[in-house]
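Structure below; questions to follow.
Going in written order, the chains are labelled A, B, C, D and E, and every chain counts its residues from 1.
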Amino acid sequence: MIEFKDVNLVYPNGTQGLKNVNVKINDGEFVVIVGLSGAGKSTFIRSINRLVTPTSGSLLIDDEDILKFHGKDLRKLRTKTGMIFQNYNLVKRSNVLKNVLAGRLGHTGTLRSILNLYSKEDISLAYRSLQRVNIDEKIYNRADELSGGQQQRVSIARVLTQQPKYILADEPVASLDPPTSHQVMTYLRKVNKEDNITTIVNLHFIDMAMEYADRIIGMRAGEVVFDGPVSEVSERTFEEIYGRSIREDDMRGGANES
Amino acid sequence: MIEFKDVNLVYPNGTQGLKNVNVKINDGEFVVIVGLSGAGKSTFIRSINRLVTPTSGSLLIDDEDILKFHGKDLRKLRTKTGMIFQNYNLVKRSNVLKNVLAGRLGHTGTLRSILNLYSKEDISLAYRSLQRVNIDEKIYNRADELSGGQQQRVSIARVLTQQPKYILADEPVASLDPPTSHQVMTYLRKVNKEDNITTIVNLHFIDMAMEYADRIIGMRAGEVVFDGPVSEVSERTFEEIYGRSIREDDMRGGANES
Amino acid sequence: GGSDDTDTSNGVEGTDDTASEAEESEGMIPETLVIGFVPSQDSDTIADTIEPLAERLGEELGIEVQGQVMTNYNALVEAMGANQVQVGFIPAFGYVLANEQYDVEVILKSIRYDSGTYKAQYVVRADSGIETLADLEGKVWAYGDQGSTSGYLFPANELMEEFGYDTAAELETEFFSGTVQSGGHDNSALAVYNGDADVATTFDDVRTELEEEYPDVMDKLTILDYTQEIPNDTISVTKELDDEFVQKIKDVFLSFNEDDEMIKIMNEVYNWDAIDEASDEEYQVVKDTYAKFKDNIEL
Amino acid sequence: MTKENSSLTPKKVPSIYPSRTKKQVTFIFLVILGIYLFSMYWTQREMVGGIGGALGNMYTVIEKFFPPNFAVLPALLDPMIQTIQMAIIATTVAAILTIPLAILSAQNVTTFKPIYYVTKTFLNLLRTIPDLVLAVIFVGLFGIGLFPGILALVIFSLGILAKLVGETIESVDMNPLEAMRASGGNPLQVIWYALVPQVLPQYTSLVLYVFEINIRASVVLGYVGAGGIGLILNQQLGFYNYPNAMAIIIVIFVVVIIIEYISNKLREALI
Amino acid sequence: MENLILPPKPKNSLFKKIKVIVITILVIALYLWTFTSIDIDWGRAIERALNNFQRVIPRLFSPDWSAAGEVALSMLETVFIAFAGSLMAALLSVPLAFLAANNMMGKYLSVIGKWILSAVRAFPDLILAILFVVAVGPNAFAGVLAIAIGSTGMLGKMFSEIIESIDMQVVEAMQANGANKIQILFYAVMPQIIPEFLSYAIYRFEVDIRASSILGIVGAGGIGTMIIFASNNRNWNEMGMILLAIIVVVTIIDFASSKIRNKIV
């Protein structure tokens, strides 16, 4: 269980990334966070595995306040939260298997991992993860030989190999075309349902969010402006998240562009 | 008027970029071309200003076969067709005004342009174009200081300054988020209607295409698989363009990904 | 640019070995006389400026004189060949090259320790047991570089004659068991001092230079023998210079012998005690030695 | 639209650059030109002869280098091999020492500022020392021979290499590093898994580039007795054997070209 | 999960395997050859260093301040030589760089350009310096010319690499406007390369300050003469002073130029 309690995050330059965030995410949920560029979606997600550190409030994961974590604790936390990035963040010049095995780093001793001495179990796990996202035949290809959708599936396999309790996905489909996006989202949901891994995904597109999410959190300027099941989302919600009356705005010619 | 007559284009490596394309685009139309990645959309558009050269057939623009153009003819053709790119293709380190004035290069003598000796009319035209896309206050900013949407608007201004008869836009919104995308599309349509400039746009997203286009051309593997007004687009069209029964495909786990 | 265009300089005409002695009369007198100075390595301390001398010379000659020090005599030889430098302070070997290539003429030579010549020495460790030159057979020889008159040419020539070798290469590989090319006289001596070599050939006496850093050098190293006399450094002029002007230069330099202040300067910076007239013949011995080596100096 | 049309009077037509930029650029240009003119004046003030006969003079000298005497080639083998070996050892040592130094001097990896600044300063100091000075000092320290030459090359190339590799590290894609960190890797694992694969090709090609530099630098070393082909070149010049010297220069050129070729091939294979 | 499912072994082609093995053996052989055949007595070298350490290092670290004035003057001259030389090189290398860049000229022309640049780089600085001493006499201007030519090879190579790495899409955008070649050069190419050009030229200036130390050997001005004399006379205190001057000057220039570079990029 993940619980944000009055969480605020102010970046060193003064930008308020999160503002009084109070959210509770239950185990096994598939939550999609939507919002405009700069709304704080990434900040929200990255707080959960402490890639950024909120400046006040408390953030409980499995009833521990992770904001106090350091060193070893932190690595343990990160070992149990898997993360998927918009740009896949694969090591382009390493092959697929090696990229996927990187998911086991947190579980493997430094020396063993540097010498590439993974246990049979780990290798088998990595291979199975690749099979689950249907990309096992590319196992020895270099990551930069794959298309975007394939790379994203490798990064899902990497996360699966990590056997996390939580999966965080920061705009996993922003660089993909629509059909490929749907593929990737489908895999994410499949994993969520099959392994009961709590999954939190950032998306730009509310329509895609509606299609896959159990629950939607809308953000705007660091604040949570909507939080509820998909069924509660209305035209009004949409407006709240994207700013009042978005269409008119467009027509005015972007007086308030970023 | 633009007319493709049995146009084929085979790339040097053997890929067939265009296959028996027969299309006629009338003056003042707003045409959107949709299709998957690799369908040949860019090839189609780039044939029109001869950034690529079809290998057979004929391509008439204002009743001249441009496939025979060379040197001066070619520059004249390009002067009357403006182009907008996915990555804006601005000179990042030059300021906005200079980027926009580049639109006049085809109309300006070499020496004058090297010495930055633009006529008052040209500068005024550039400034007015910037005003039309509402970005005139950034006139002296360097292009790389602008956000993506702003850069794309500058590139529209550049094309407007060119005073072209045709505007070609190759995925002008692929790098932008949805609200900004709508802004840019809105500007494009505004220009199309106000100045009666024939506009041809590539898009990935059929829903956005439907919103702005007069007419939609669907491509698949180099062929035109749909061509008709927006009103004729049906679920079947969608399937034709994106491959048979796209949703099922997704569920199968991308057996036929690119 | 600020190049004062003198029309008189840059006489490249006839730099090659055309009979040059004939065309004396129409020599040139430059507006600015450039003196190039290559300090002899065969000396304890070497100065990095020629300023005081140039100044004084300028006063006496009544024209502007510029001095320039270089440590590579290729540069000086070539510069004199192009008449960019008209007067050179050149060690014997450098003079021989300049004379051969560009007909540079010697007019004066330096006098040190009351002599117009000097000798090279063979340096060995005091405890080495080497007592005669013949004992050197099979030993390791350290020399500065092959272009050094006292460090290489003269001793090599002597040994070749004495022990009957035709080429330097034979001497190096057959007589000696190995060689060390050290880059300088002091380094050669140090090579012996440190046991990297058994004998070093250097100017006389390199040890004084090392005394400060290596206080025991005088005891540890002894002099085995000396070579024949080597002519001292020259003062030479290019063939383009006007004869009368050359004579004037000569006179001025010679007049320094009577000038205590000038002698002091010369002594402090170049170890010169006096200046004397010199002729090309005196350098014949160096020429002969060079001729012998020129083609068989093997790499 | 109406607003826009009315706002345009010819007077308000903007110029291409704001006037402040124009002034700045002009100012900087004038300063550089000023320093340049002064430098030219300073360096030419001792010039006596003018440059009238310059080309002719140069031609006279260049002519003496031709034709190169390739008969000496066999004799060049040994010293050239020595030079290559010196360069190999020096490059290898520098390449190894570079790794920690480069990582510590990369701002994006070494987030602990004091270490970063200390390493950076140290490297900057190293780089300021001319190779000639290094060679002279090491010959003073170790006596003559290959060893001081190698050391001089090591220090000389370490300065360059560590800087270039450090800059490469600073420009890597940080995303994979973040991904590794996000999956619980410790710093060493992160470096090994995410940094090393990204830097390796660039690193190899920089090492080869430094190897080439070292071969050239060994010519300088020869002037002070630090071994290798430079020594021979120096000696042949000293003996006025210009055709031999030309042969040596050509040999060096060919060796460098070959190394350049090999390293290009390797680079292509790696990237 | 009793039955572990393991991935298939990578099927590297035999050719590739052999290639890897051959290369590995070659590299090992190269090192064996190097270390066994090179003529160095390691033990002695270390012993020597220990002996000489006391003689050299402490004196290096107590610079001879009485030489400070002279050193400063030579250093100043070195800076001027390097400045004028690198600026000249910067200008000279631009056309060569365009010639050598394969995205500007045709493939064949660019190969010729690259060869010219390589040949220029192959010439030892010292010989260049001698040539220019012959041309204009033994003075600082000869040094300027030697530096200019010596740097042109390296700068030209770097410049051409910059040109090869520009964003060709922008060039395409200009083409699509109907711009001609010269207009494209000024509007699309130059703005992309000028900052890097400047930054490399400034970097080269730093390098040239170090490089110009060699010029003193042939009387072409600068601090080099002092270096050689200090070394020949084993005057380590003076060498310490020279070293100090070089370090200070190069550090100042390094600092200033990195400021400037940050500004322009």
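For the reader, a short list of remarks on this structure follows.
Operating definition for what follows: contacts are C-beta pairs under 8 Å (C-beta built on N, C-alpha and C of every residue); 3 or more make two chains touch, one makes a residue touch a chain.
Note that the structure is a prediction, hence the values are computed from the model and not measured.
Chains that touch both chain B and chain C: D, E. Shared contact partners of chain B and chain D comprise A, E. Counting C-beta pairs in contact, the chain pair with the highest total is D-E.
Taking only C-alpha atoms, you rotate chain A by 180 degrees to land it on chain B; that is to the nearest 5. Chain geometry summary: the mean Cα position of chain A and that of chain D are 44 Å apart. Distance from the chain A centre to the chain B centre is 34 Å, each centre being the mean of its Cα atoms. In chain B, 98 are the positions where the chain touches two or more neighbouring chains simultaneously.
Counting partner chains per residue, chain E shows two or more touched chains at residues 48, 126, 130, 134-137, 139, 217, 228, 234.
Taken residue by residue, chain C touches two or more other chains at 34, 68, 72, 74, 78, 81-82, 84, 184, 194, 196, whereas all remaining positions touch fewer.
This structure has the following touching chain pairs: A-B, A-D, A-E, B-D, B-E, C-D, C-E, D-E. Looking at the complex, you find that chain C touches chain D at residues 1-6, 9-10, 12, 15, 30-32, 34, 66, 68, 72-74, 77-78, 81-84, 97, 100-101, 145-147, 180-184, 187, 190-191, 194, 196, 293-294, 297-299.
On the chain E side of its complex with chain A, the touching residues are 1, 4-8, 10. Interface residues of chain A, counted against chain D in their complex, comprise 49, 51, 75-79, 81-83, 85, 87, 89-94, 98, 102-103, 105-107, 110, 113-114, 155, 158-159, 162. Contact residues on chain D toward chain E in their complex (touch as defined above): 32, 35-36, 38-40, 42-44, 46-49, 51, 54-55, 57-58, 60-62, 81-82, 85-86, 88-89, 92, 124-125, 127-133, 136-137, 139-143, 145-147, 150, 216, 219-220, 223-224, 233, 237, 245, 249, 252-253, 256-257, 260. Taken together, the chain E residues at the contact with chain D in this complex read 30-31, 34-35, 37-40, 42, 45, 48-49, 52-53, 56-57, 60, 77, 80-81, 83-84, 87, 118-119, 121-127, 130-132, 134-137, 139-141, 143-144, 210-211, 213-214, 217, 221, 224, 227-228, 230-231, 234, 236, 239, 242-243, 246-247, 250-251, 254.
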